[in-house]
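Two complexes follow with chain A in common, the first pairing it with chain B and the second with chain C.
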Partner chain A sequence: MKKNIFQISPSFYDVMPAEYRELVENGPFEKKVGVSDLGAFKELSEEHPLCAGCGLALSLRLILASLPNPEDTIIVGSTGCSAIAFPQVAVQNIHSLFGNQNAIASGVKRALTLRFPDKIKDVVVIAGDGATVDIGLDMVMQSWFRQERITTIMLDNEAYANTGGQESGMSQEGAVLHMAPKGKTFPKVSLPELARASGCVYVAAVNPAKPKKLEKAIVRGVLAARELGPTYIQVFTPCPTNYKFKPNETIEKIKMRVKEGTYETTEFISAEAQELFARLEEGKK
Partner chain B sequence: MAEAKPVLMQGNEACALGALNAGVRFYAGYPITPSTEIAEQMAVLLPENGGVFIQMEDEIASMAAVIGASIGGMRTLTATSGPGFSLKQENLGYAIMAEIPCVVVNVQRVGPSTGVPTAPAQGDVMQARWGTHGDHPIIVFSPASVYEAYYLTIAAVNLSQKLRQPVIILLDEVIGHMREKVFIPEAGKLLVEKISDHVPADWKPYDEKGLTPLVPFGFGHYYHVTGLFHDQYGFPTGDPPQVERALDRLHAKLDRYRDEIVLTNYIGHKEPRVAIVTYGCTVRSARSVVKRAFWQDRLPVGLLSLQTIWPFPAREVEALAKQVDVIIVPEMNMGQLVGEVDRYACGQAKVIPLNRYDGEMITPDQMFELVGRWLP
Partner chain C sequence: MIEQRAVEPAQLFEAKKESQFITGSEAIREAIRRANVEMAISYPITPQSESMHLVGDLFAEGYIKEYFRGENEFAVMSSVAGAAMAGVRVFTATGGPGTLRAFEAFPTWAGARLPIVCAFMTRGVNSPLTIQPDTIEMAYMLDTGIIMLHAETAQDLYDMILRAFIIAEQTEVHIPVGVFTDGFFVTHTRDKVKIAPADMKLPPYDPYSSPVPVMDMENVPFRQMRDPFVMKSNYVSYAAHASWQQEVMAAAERARKYIKQYIGELIETEYPDADILLIGSGTAVSQSREAMAYARSEGFNVGLVKIKSIRPFPAQEIRELVKRAKVVIVPEFNRVGWLAREIKSVAEDTTKIVVGPHVFGGMTMPPGMILDEIRRTSV
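This part shows the complex of A and B:
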């Protein structure tokens, strides 16, 4: 991320939150860092409006720290909880209309490929479960069919959280939410499988309880999209506000769901992606 | 200067070629009658000229992809007809709000709904103005010939870039499918305004001081693009004074460049008593009336044709109303722009609608008969 957009006016220096000063002085800007280098600073500035214990805020922080090329990454988001955090993020960002994120990203990616033939420009879609699997599913899948070289990341909190907790396609069957007072009547959509069938070269389902795994998936997802074709990463980001658990229990919730087998972590690497990753590993040595 | 070459072409083709010559290198669209030829032309022309053509899954995605490509620094076009134009409305509002240039062509057909897909109409005049929600400004051109389809598309691309404002071209099935002669200037003779990618260091994406060029993503400026009300840095805000200021700013852009945007053309008697005010294909029949009534019979008849219908040419209509007794407004709908004409005629002239909405053109005879009734 560029440092020059994060400058504090000298007269306001004293009143800025400590985390913000830390971010400006010791932040990850223009350094190659990963999730294990994260310090006290936050990539989202301190006043982001997400709730305490929000799995999405934590995941977003980890995702941003994992981006291999943040200075030249364009993030396309969509309406929802993630959208209200994005303005606070120091990367180029488009808040698209609800569900349109993958179509906007397709346009951006094609334009940048044409305008910057010699430069790497990563286009990463980060949107919630409602935007990805419900309202935006056609545009998400069509971008995969067209083999657009974009990374699609879903922040799955299993509900429409920003509107107060209604069921989404990603809610579990039986989940009691607003507009589903007697429980959701159909099962959670298996988007990783759909992604695989729709031509994604790399698919992963990860969670912030395992930051290193999440980082690896993001890096792989972005690199494979850069070279080969569409990739999909699903991140489980439980919502304490709408699923009514304590904010400090988010990570435990994830671990519990993984243990009981109701939220699988998976990884699919296509043969061509396998080859690419091996080549990149080789290059590092 | 080399002579411009005459070429026989269709309105839809002229629109595609005009866009290409104005620097459009990105098209995303979905086939829909009677606009499909524009997309088909672009599918051939763009790859040949180093551009990108994508057939998208629907009109919503087409509009979204066009917006994305504009943010990535391309000049963009998409075309559709009534049903697809309805689908594009939400993203059209987004482009207005986020100040993303793009040109949207709507080749009108008979509506509502699926209507008569192959028959002409002018029923989307008010939708073009107010189709997307909120108090937005909009620019709408309505070409009356293949020649105008070509040049107004170029004007639309230029204005859209300059003002960072979507521009709509309301063609109709008649102009879209009609073939006639167009003079295409040789390469390099065309006025294509170049907006620089490189701008001063103190550039702000939505500068309160006024118009700022769009700096595409990738040119070193980091900002947030959103359909929410935002401050001059693109940061979302709900602060009442900032919201008001931002909306005023959107409208002020168009007010300031009004004379470049509003294009009209008057032909006929110098001191007319009866005038026709119309736009699009209906101008063709009206011209024939003027030819007969004025050029042949020297009757006090005139025609004000509107190439721009939104922002409405209020000044021109006001001036005309002071001169004439009667203004006739032929439209291929149940009466849409006639309300605006009446509003700006301010009681100075009697305003009479002439409507037809059966999918057939208003004939010169129909118009001539009505004009004759009001002549002194």
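This part shows the complex of A and C:
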């Protein structure tokens, strides 16, 4: 996208919403901005309609600020809490159905590769844990098997939060939630391991308590998907509403879980991705 | 691969044609060869598989730029949707249980205003397991919002698929077109099909003719609303969703004139003023035509109506025909008699409509069955 595509006609300037004017004048397009610059540029999301203290909302904000190429990024979402936030996000994004996000993204990526062979078009999937590990798992993994050049990001709040807090495959064993009234009877799915075994060239599990690490993972995930093959990033986004903790404790919850070893932050870099990052990160110095 | 040049649709449709003795599956290949399709996605199911093998051959030869086998029909219909949202002309095919597996995707195709063309080679659905011809899946598809054309022959299949792209891609239509044909009876039998020269193809799809933004980050608006109306419990939210659905229905209505322009009237008739009318779609029309010939030789005053477009439905045309006839017989290859229901829903006097004869589970329909019905209702 060339930025002049969305310049405002002078005669309409005064009637355009303030946030649109801000986006045109001070948005992240064609700029190298990241999470350290938050507050100094107009972000891609305009407010959000999610709960107070939502780990997902914070993570989404950080992910959007981390996108290396927002002017040419298409996001594919799925049903869930994040789907409520996406209408307020200023990159073209798709909501189709619950669970088919990686299948949609496969079609989008291949079509854009046909239409723009000489241009970068990043396709990033951002969906919840239910969409990714339960209802959409076959399509997530099949897109990895096929080596689709897309980035898959899971916002893991360990439950179906938007429907009122039901057990998901990412809930911890023993967690008492709706549809698991006696506690979950099987362990949290290790999707990072499955991603690695399924052909992802880069895999990371990160959280918004460490924004710079999260940013690095997003950038690496997008760049490796662009050049090499599928990538997977899992973001821990605790849910105060359904897990019944105070909205101001979200970050503390993350730190506590990491400390007690029940939410691992990991990074897997394939040899080819290692080579790519060395080249790209060297070039930046 | 033969070097092709893109021509205006009318030029391709009216070009001097060569007759080939081919199967229905091969007729699909010949339509897609000339359709300037950029991407096709496949998944096997009998009796559809062969057609998408042949489309795969077109990819290998260079007529199509992208092709792959998806993981199941729901995923394939989703990937096809993604490709259409990103602005390419795309094709796929399925049938029977595959149609049902993919079902959730079809209303979203219409709702997202995607001009996808999909061929449905109908077959029975479980249980018990069957792979045999049956048109029951069309009953389920009636209210998905997609345009539904029903091909009687391989010639229809070739003509309808090629023209479906042009109908679907009109800005004021821009919804999917399903071209249905009866599995095995059409897909696996040979027939003479008149085909345009292979050095011609349709003009390319212009993604920016879409009435909704293309998902390519090359066009505005990509800034969405501060207070999104979807998924909220307020009147604006309900009204937005309701009016969107009405607009999809209106788009199908606006397709009528393009169907007429490119495919002809929504119905074809033989002896429309007869006392007894046989009304059908798909291969039920072929069997009815045979029955009509026998009946007329026995002195019965019998006519035939072939319905080519199921959605939009030729309501006005059927209402007028039923009004004039004394008896209307609706032969169908399914258990539920969905076409008879459709006809009854537009007829003023439904008592003259005979629901049947029906065959299902893969049976053929001997013209004698229809003839029996003609004799019985003439007593």
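One rule holds in what follows: the second predicted complex is superposed on the first by the 246 of 285 C-alpha atoms of A that agree within 3 Å, B and C clash if a C-alpha of one lies under 4 Å from a C-alpha of the other, contacts with A are read in each partner's own complex, and residues count from 1 in each chain.
We adopt the following convention: a contact is a pair of C-beta atoms (placed from the backbone, for glycine too) under 8 Å apart; a residue touches a chain by one contact, two chains touch by 3 or more.
Keep in mind it's a predicted model, so treat the numbers as computed, not measured.
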Next on the checklist: For the combined arrangement obtained by superposing on chain A, do chain B and chain C clash, or do they fit?
Outcome noted: clash
Checklist entry - Does chain B (first) or chain C (second) touch A:Glu227, or do both, or does neither? => result neither
Checklist entry - Which of the two partners, first being chain B and second being chain C, lies in contact with A:Glu249: first, second, both, or neither? => result neither
Next on the checklist: Under the stated touch criterion, which partner chain does A:Asp134 make contact with: chain B (first), chain C (second), both, or neither?
Outcome noted: neither
Next on the checklist: Under the stated touch criterion, which partner chain does A:Glu22 make contact with: chain B (first), chain C (second), both, or neither?
Outcome noted: neither
Checklist outcome for this item: Counting residues of chain A touched by each of chain B and chain C, the higher count belongs to C
Next on the checklist: A:Glu267 in the overlay: touching chain B, chain C, both, or neither? Say first, second, both or neither.
Outcome noted: neither
Checklist entry - Does chain B (first) or chain C (second) touch A:Val76, or do both, or does neither? => result both
Item to check | Overlap of chain C and chain B interfaces on chain A (superposed complexes) | outcome: 5, 72, 74, 76, 83-84, 86-87, 90-94, 96-97, 100, 103-112, 114-116, 121, 138-139, 142, 146
Checklist outcome for this item: In the complex, the residues of chain C that touch chain A are 38-39, 41, 65-66, 68, 70-72, 74-76, 78-88, 90, 104-105, 108, 112, 207, 213, 215-226, 228, 230-231
Next on the checklist: For a test of understanding, state which residues of chain B touch chain A in their complex under the given definition.
Outcome noted: 25-26, 28, 50-52, 54, 56-58, 60-62, 64-74, 76, 90-91, 94, 216-218, 222-228, 234-236
Item to check | Of all residues in chain A, those that touch chain C in their complex | outcome: 1, 5-6, 17, 19-20, 23, 46-47, 49, 71-74, 76, 83-84, 86-94, 96-97, 100, 103-116, 121, 138-139, 142, 146
Next on the checklist: Looking at the complex, which residues from chain A come into contact with chain B?
Outcome noted: 2, 5, 72, 74, 76, 83-84, 86-87, 90-97, 100, 103-112, 114-116, 119, 121, 138-139, 142, 146
